[in-house]
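In structure tokens below, several structures.
In the two assemblies presented below, chain A is common to both, partnered first by chain B and then by chain C.
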Partner chain A sequence: MAECHPVGFQWVMEAKRKGATVIHVDPRFTRTSAVADLHVPLRAGTDIAFLGGLVHYVLDNDLDFREYVVHYTNAAAIVGEEFADTEDLDGLFSGYDEESAQYDPTSWQYENAPQAPAAGMRDPRQPAGPEASEEPAEHEAARSEETGSGGPAVHAKPERDETLQHPRCVFQILKRHFARYTPRLVAEVCGVPEEDFLRVARALTENSGRERTSAFCYAVGWTHHSTGVQTIRTASILQTLLGNMGRPGGGILALRGHASIQGSTDIPTLFNILPGYIPMPHAAQHENLAQFVAEDAGSTGFWGNMDAYTVSLLKAWWGSAATPENDFCFDYLPRLTGHHGTYDTVVNQIEGRSPGYFVIGENPAVGSANGKMQRLGLASLEWLVVRDLTMVETASFWKDGPEIESGELVTEEIGTEVFFLPAASHVEKKGSFTNTQRMLQWRHQAVEPPGDARSDLQFYYELGQRIRERLAGSTDPMDAPLLDLTWDYPTEGPLAEPDADAVLREINGQDASGEPLSSYTQLAADGSSSCGCWIYCGVYADGVNQAARRRPHWEQSLVAPEWGWAWPANRRILYNRASADPDGRPWSERKKYVWWDAEQGRWTGEDVPDFVVDRPPDHVPDEGATGPDALGGRDPFIMQTDGKAWLYVPTGLADGPLPAFYEPVESPVGNAVHGVQRNPALEDVAEPDNPLNPAGSRVFPYVFTSYRLTEHHTAGGMSRTLPYLSELQPEMFCEVSPRLAQEGGLEHGGWATIVTARSAIEARVLVTARMRSLRLGDQWVEQVGLPYHWGANGLVTGDSANDLVGLALDPNVHIQDKVGTCDIRPGRRPRGPALVAFVDDYRRRSGAHPAPEETS
Partner chain B sequence: MRTPLEWPVLRQVRGRDRLGRGAAAQSAHTRALTPRTETADRVVDSVCPFCAVGCGQKVYVEDGRVTQIEGDPASPVSRGRLCPKGSASTQLVTSDRRVTTVRYRRPHGTEWEDLDLDTAMDMIADRVVATRRRHWEWEDDQGRRTRRTLGIASLGGATLDNEENYLMKKLYTAMGAIQIENQARI
Partner chain C sequence: MSHSLFGPLEDVAGDAGHEAHPPRMGFFTDTSVCIGCKACEVACKEWNLVPEDGLSLTGMSYDNTGALGASTWRHVAFVEQPAGRASRTDLGMPGMGPPEPAPAPDGPGQESESGEGGVRWLMSSDVCKHCTHAACLDVCPTGSLFRTEFGTVVVQSDICNGCGYCVPACPYGVIDIRPGDGRAFKCTLCYDRIGEGLTPACAKACPTESIQYGELDELRERAGRRLGQLEEQGVDGARLYGADPEDGVGGDGAFFLLLDEPEVYGLPPDPVVTTRDLASMWRHVGAAALGLVGVGVASFLGGRR
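Let's turn to the complex of A and B:
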């Protein structure tokens, strides 16, 4: 965190000054480790074993926050008899189908769960009615991201045993499931000595409970794995058992890597969701609006109003053309038939199915896994539009890409037409970022962009205008969604920029009279309101740009509610009803945050209460109530269909209702936890240019992991071009332990070549005790650390670490695993065609699949 | 008249600035300098474009040009601090390595060419219309209605503004393009 989010880390240091214990669990020693109370290096990709060990420690020693667990989680829920755990099946859950490598989650349900709910709205693979059962088994559990704002729908509240004794209640299942994650197993899998592990376990549990809370901060070290989602799930189980959710100083805090990456998820440029985590419709189930909203219509909590959110979005996009008679233009939405993530797109490009590509402020030729596949995709296009500040490698791949050097591609033979359009910088346009804490902050425009540079807002607005001009008068129904689109924004300034304020107003939404709305609770399903993103409703409350508020921190409370605006409803801590006990009283004076004021009949406190503000703690909903009305006074997790935090996930995940440890796809060791080596449901990308190193290969004996440096930014487009930052970190390097340096003959300051079945790169060698040799049983495991910022362009150039990374994806969210195996040897890599021959030799010797073509 | 006594090291020893961080290190030239922030015409509130912490920035503008970017002390997030990248923001926006004209590479071309922005916009719009029509799909191979095109894809960075992402998703969805992705999945 001190490396990649340095200014955020000041708050960790403030906490430390007030007595907090800071623990850093990370394969590499960084600036964070340097100031932490304890640094715990572990083998990259073993986080589930480590966190699972902590869950075991809590359960084994009865250290859970029992009152919180009983009332606010699904610990008491009883799971059906059909469920079989990894304990029963040696590493598999019930419902696994070998042939398709997928799970059928039917057997994971709660006892007496309805067998045939409405067609699976939020998860197409959920057990469903006859129409859905005809659906072929597509690998498309992509729908978990839509639950970024709440879990999938589960109907009917489960039967509960609040004594937590029933053998099939979630609490007892957890106990059995995690029983084998002992300190000894953690040592064996992660390479963390038992004593160090126990120090972490004691510090965490001693700092959790009524009086104290603990927080977890994480970044892509947890998510970039074929088991990334389940890693976060393990942390969620742990933090929920300890009562650390919805409370000040608690939580699981995603440290997102880019200015508005949170915003890019909320108002997604992602394939599977619409603004506000509304799913993209699916061809198998969503022929009309009624089907689309059917499943949520009956559920508890705020997703129960999804019809209002969806209709308001359709009104924002298609305005007066969207009427109740035409289903509010629902049919204008394109449908999904599977997953269409960025790596699927690359395969489509290589195979010629997807000839046009826009790359906007992104540099996949350096920043995405398996760089070669990215560049082969680019070389297969008809046309490519790249918009950026500087000439990034994605735009110039045809001229100076690694495949040009190796002879695998020839410039004259590449048919891609490339448009490079210069972009405006962050000070040359106005607009809002949503930063990692869900807070929108508005930037004002300082100067005009230079030359041909334009904002992306202007580019898309004008592109839309020109497309609509070309289609004007068309009666072809395929053009109606474009022609009926509300696409008329006021412009301003010498460049006639569309007014970003006006766009934010549309996102906020308005009522029938055109007045800005102040809360998503005002949204209606009858077409009388419009709203571009329901979770952002209120950012323009009272006609004021709330994101532009800048009341100095010294003029307000520690929560600072008048700086920017956080979704939803300016709440700074989500699910903060859980900061009070079941009766609505703060758990302790020290951790007071939001509580029930009986006199006023309202929830009140330091923050905007994340609850129905006048619903008393003892409220019991009427039988048959739906939506927010079905939330009881003790149901703090208001986006979940049962109002509870889920220790066990009966539906919605592709790889199991509980986290289980699996080795990374490329691993030097066998799985010590159970008999299944790798995530059995992971998503393979079976392509000729995506060979994977066999597990346990002696040809690739070392682990590699990639990461960022403080002085550079991701694929380097915003840092390798700046003199200050280039001077601070001028060259690609690799970090190795003294033991590995000796074993491999690597010289500090010299060159090394790092090889995987995908490619070989070269880097300067940094021999450092910061990389720890790990002892796993009687075996040493060595790790190679690789920053991934370099490419062919910029002030400082170098090979790209991502060229080494293979594609094996998490089945829930389609994110790549950044951990793999490699070989490392002294000296620079071969040049030209010799590089291909060098890598092919490794592929043949290791038996990597697929093998190189005989002709190569 | 320059005398050896005016050597900074001697001034440091003789004067009160024993640490050499003030008067002892100054020359007539440096004494006459004023910070760029003092002569700015305008100061504009902004937010750092690098990581997701969201540190407040103050952008100093003189004669229509950015002269300095500093941390905003009023921000409850950052309290005026910036990291090495945030501190280099002035270079990011004023860098002479920025490309400020359209560059065009024709199919099979070996060099970049110049292209007028308006022409480029027209050419891109033409390609979108043509590719969309050629790759239009009303139904998938199982006869299920899809109303979409797989011919056009997009990958955006996460420094895009919310308003930009919004117009992108809105336009692409109306086009029927579904392969719309972002750094958020990478």
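Let's turn to the complex of A and C:
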């Protein structure tokens, strides 16, 4: 966190100053480790085993926060008889289909739960309509992600055994499932000595409970894995068991990779969600608005009002054209026909199905996994638009990419028309950043952008205007969605930039009279309100840009509610009803946050209560109530369809209702936990240029993991061009342990070549005790650390670590493993066509699939 | 008024001739909370328009800056050392070079792979010390280097003639001549900012308050409290560096809390203002001259005989 988020890390240092214990679990010894109380190095990609060990420690020693667990989680829920665990099936859950390598989650349901919802199905295993037969190998559209932030719907509250003794209650299933994740197993899988693991376990459990809370911070070290989602799930289980959710000082904090990546998920640049985590409708399942919202209409919690959120969004986009008669233009929305994640797009490009590409503030030729496939995709396009501050490799691959050097691509033969457009930087435009705390902070413009540089807002606004001019007068129904758009932002300044303030107002929403709304509870499903993103409703309450508030913390309470604005409703901690006990009293004086004021008949406290504000703790909802009305007084997790935190996920995940440890796709060792080596539901990317190293390969005996340095920004476009940053980390390097240096003949400061079945790169060598040799039983595992910032352009250049990374994707979110296996040898890599021959030789010798002969 | 060259000095700016002047300002760099982000280095260069000075990998851990110099006014040192090394007296050279080779895989020393073993990574942002007795200033023949009303030491590039006397005079090796330019440069403690009531760029950019700017007296008190806190927490080897007015430079205007011996960070353990003996040197020179005159006179007198 200090390495990649130094500014946010100030708060960790402040906590440390106040006495907090900081533990850093990471394969790599970073700047975070340097100031942590304890650094625990582990083998890259074994987080589920480590976290599973902690879950086991909690359960085995009865250290869970029992009162919290019984009342606020689904620990008491009883699961159907059909469910079989990895314990029963040696690493598989029930419902696995070998042929499709997918799960049917039907058997994971609660006892007596309806098998499938009646309409608007988002069950990942439902037939997907015509395209399902056309592309049988494809995983179903978006699957778990498609359910938005509320999780999949579970109708009818499950049967519960609050003694937690029923053998099929979630708590008992959990106990059995994690029984094998002992400290000894953690040592064997992660390479973490038992005593170190136990130090972490003790520190965490001693610092959780009524009086104390602990927080987890993570970034792509957890998510960029073929089991990434389940890693986060394991942490969620752990934090829920310990009662660390919805309470001050608790939680799981996702550190996002750039400024406002959170914002670009809330108002998404993702294919499968609409603003506010409303799922993107599916072509076959959602033929009209009624079908689309039906699933949620019946459920408990605030997703029950999804019709109001959706209609308000449609009104924001299509204004007066959206009427009850035309389903509020619901048919104007695009539909999913499959999943269209970034790697699907790349495969489609290579195979000629995707002719155009907008790349905005990204540099996939360097920053995305399997760089060669990225560039081959770019070379297969008809047109490519790149908007960036500097000439990034994605815009120049056709003349200086590694494939030009190796002869695999020839500049004259690339047909891609590249449009490079200069973009305004964050100081040259105004707008908001949303940080990991869901807090919007407004930026004011400092200077005008230079030359032809313009904001992205201006670009899209202008593009929309030009397209609409072209289409003006068209009667083709296909053009109606564009022509009917509300596309009339005021412009300002010498460059006639659209006013970002007006966009924020539109996002906030307004009522029928045009007055700004102050809360999403005001949204209506009858078309009388409009709102561009329901969770952001209130950011312009009272006509004031709430995100621009900057009242210093010393002038307000500890929670500092008047600094910026956090969605939803300016809540700083989500699910904060859980900071009070079932009767609404603070769990302890020390951790007092939000509580029930019986006299006033309201929830009150330090923060905006995340609950129906006048619903008493003893409230029992009426039979048949829906939406927020169905929440009981002890259901703090108000976005979940049953109001409870899920220790066990009966539906919605593609790879199991509970996390199980599987080895990374490329691993030097066998899975010591189960008989199944790798995530059985992962998505393969079967492409000629995506050969994968066989597990346990002696040709690729080492583990590599890619990462960032403080001095550079991701794929380098914003740092390799700046002298003051470039001089701080001027060259691509790899980090190896002294033991590996000895074994591989690597010299400190010299050159090394790192090779996988995809490619080979060269890097200067840093031999450092910060890279730890790990002992797994009687075997040593060595890890090679690779910063991924370099490419062909800029003041400092170097090979790209992402050229080494292969693709095998997490089935929930379609992200790749950032770890793999490699070989490392002293000296620089071969140049030109010799590089291809060099890598092919490795592919042949290792038995990587596909072999070069199968693809050339 | 006496211009003192050595020993404690209550009123540095006053000693330099500033009559009504603000309190002495300085830096307290608490390396125990430094995360090595180098924001100080970048902010300093941005604000002061200091040029980039080299795009080469040094191999010295994550330090590719190397040392303070004419184009490096803040420098973050990265020291990798075996954990538990603090307070060892056997210091040897500063631990910034390539690490020592590891013991054989199954040899001794590999038994405890974790826990107390492992590595410690010290980071520290170095800067001009703005000495109470600044030799650079004392030797400057042009008056380019001067003592400001804040008690800091600033070099004026429009007056500097590039003679370079200040370079060997600095006991810390801070000030240097910029190649290709010929003039001397160093940290000004952001003289142009603090005069406007702003915090120096490095301190402003520091995310963890490792670099603290303020009135020197207050910073010294704060540092003392911080040291006490660390000692209470059982942190071995923590010490203040440059905070003592009794030291060889009369105390630094920019001082540090270190977690190990100064040498480990590449800092001199006992710096002495190089002009300390200037007065006595002049006395000796005078005596020698007188002596020579005497010898000359004597020889003439002798010659007459």
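Just so it is clear, the second predicted complex is superposed on the first by the 826 of 856 C-alpha atoms of A that agree within 3 Å, B and C clash if a C-alpha of one lies under 4 Å from a C-alpha of the other, contacts with A are read in each partner's own complex, and residues count from 1 in each chain.
Criterion: a residue touches a chain if its C-beta (ideal position, glycine included) is under 8 Å from a C-beta of that chain, and two chains touch if they have at least 3 such contacts.
These numbers were taken from a predicted model, which means no experiment stands behind them.
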item: Which superposed partner A:Q10 touches (first chain B, second chain C, both, neither); value: both
item: Which of chain B and chain C A:L795 touches, first, second, both or neither; value: both
item: Contacts of A:A672 with chain B and chain C, given as first, second, both or neither; value: neither
item: Touching partner for A:L728 - first (chain B), second (chain C), both, neither; value: both
item: Chain B versus chain C as contact partner of A:A851, first or second or both or neither; value: neither
item: Chain B versus chain C as contact partner of A:T710, first or second or both or neither; value: both
item: Contacts of A:S425 with chain B and chain C, given as first, second, both or neither; value: first
item: Partner chain(s) touched by A:S737 [first = chain B, second = chain C, both, neither]; value: second
item: Chain B versus chain C as contact partner of A:S719, first or second or both or neither; value: first
item: Dominant contact partner of chain A by residue count, chain C or chain B; value: B
item: Doubly contacted chain A residues - partners chain C and chain B; value: 6-7, 10, 710-711, 723-725, 728, 795
item: Complex interface listing, chain C residues touching chain A; value: 32-39, 41-42, 45-46, 51-57, 59, 61-62, 64-65, 80, 82, 98-102, 105, 110, 112-115, 118-123, 207-209
item: Interface residues, chain B side, partner chain A - complex; value: 42, 44-56, 59, 61, 64-66, 69, 72-79, 81-89, 91-93, 95, 97-108, 110, 112, 115, 117, 120-129, 131, 133, 135-136, 138, 140, 142, 144-186
item: Residue ranges of chain A touching chain C (in the complex, touch as defined); value: 2, 6-7, 9-10, 13, 16-17, 29, 31-35, 39-41, 191-193, 195-196, 199, 709-711, 723-731, 733, 737-739, 741-743, 748-749, 764, 766-770, 772-775, 780, 795-796
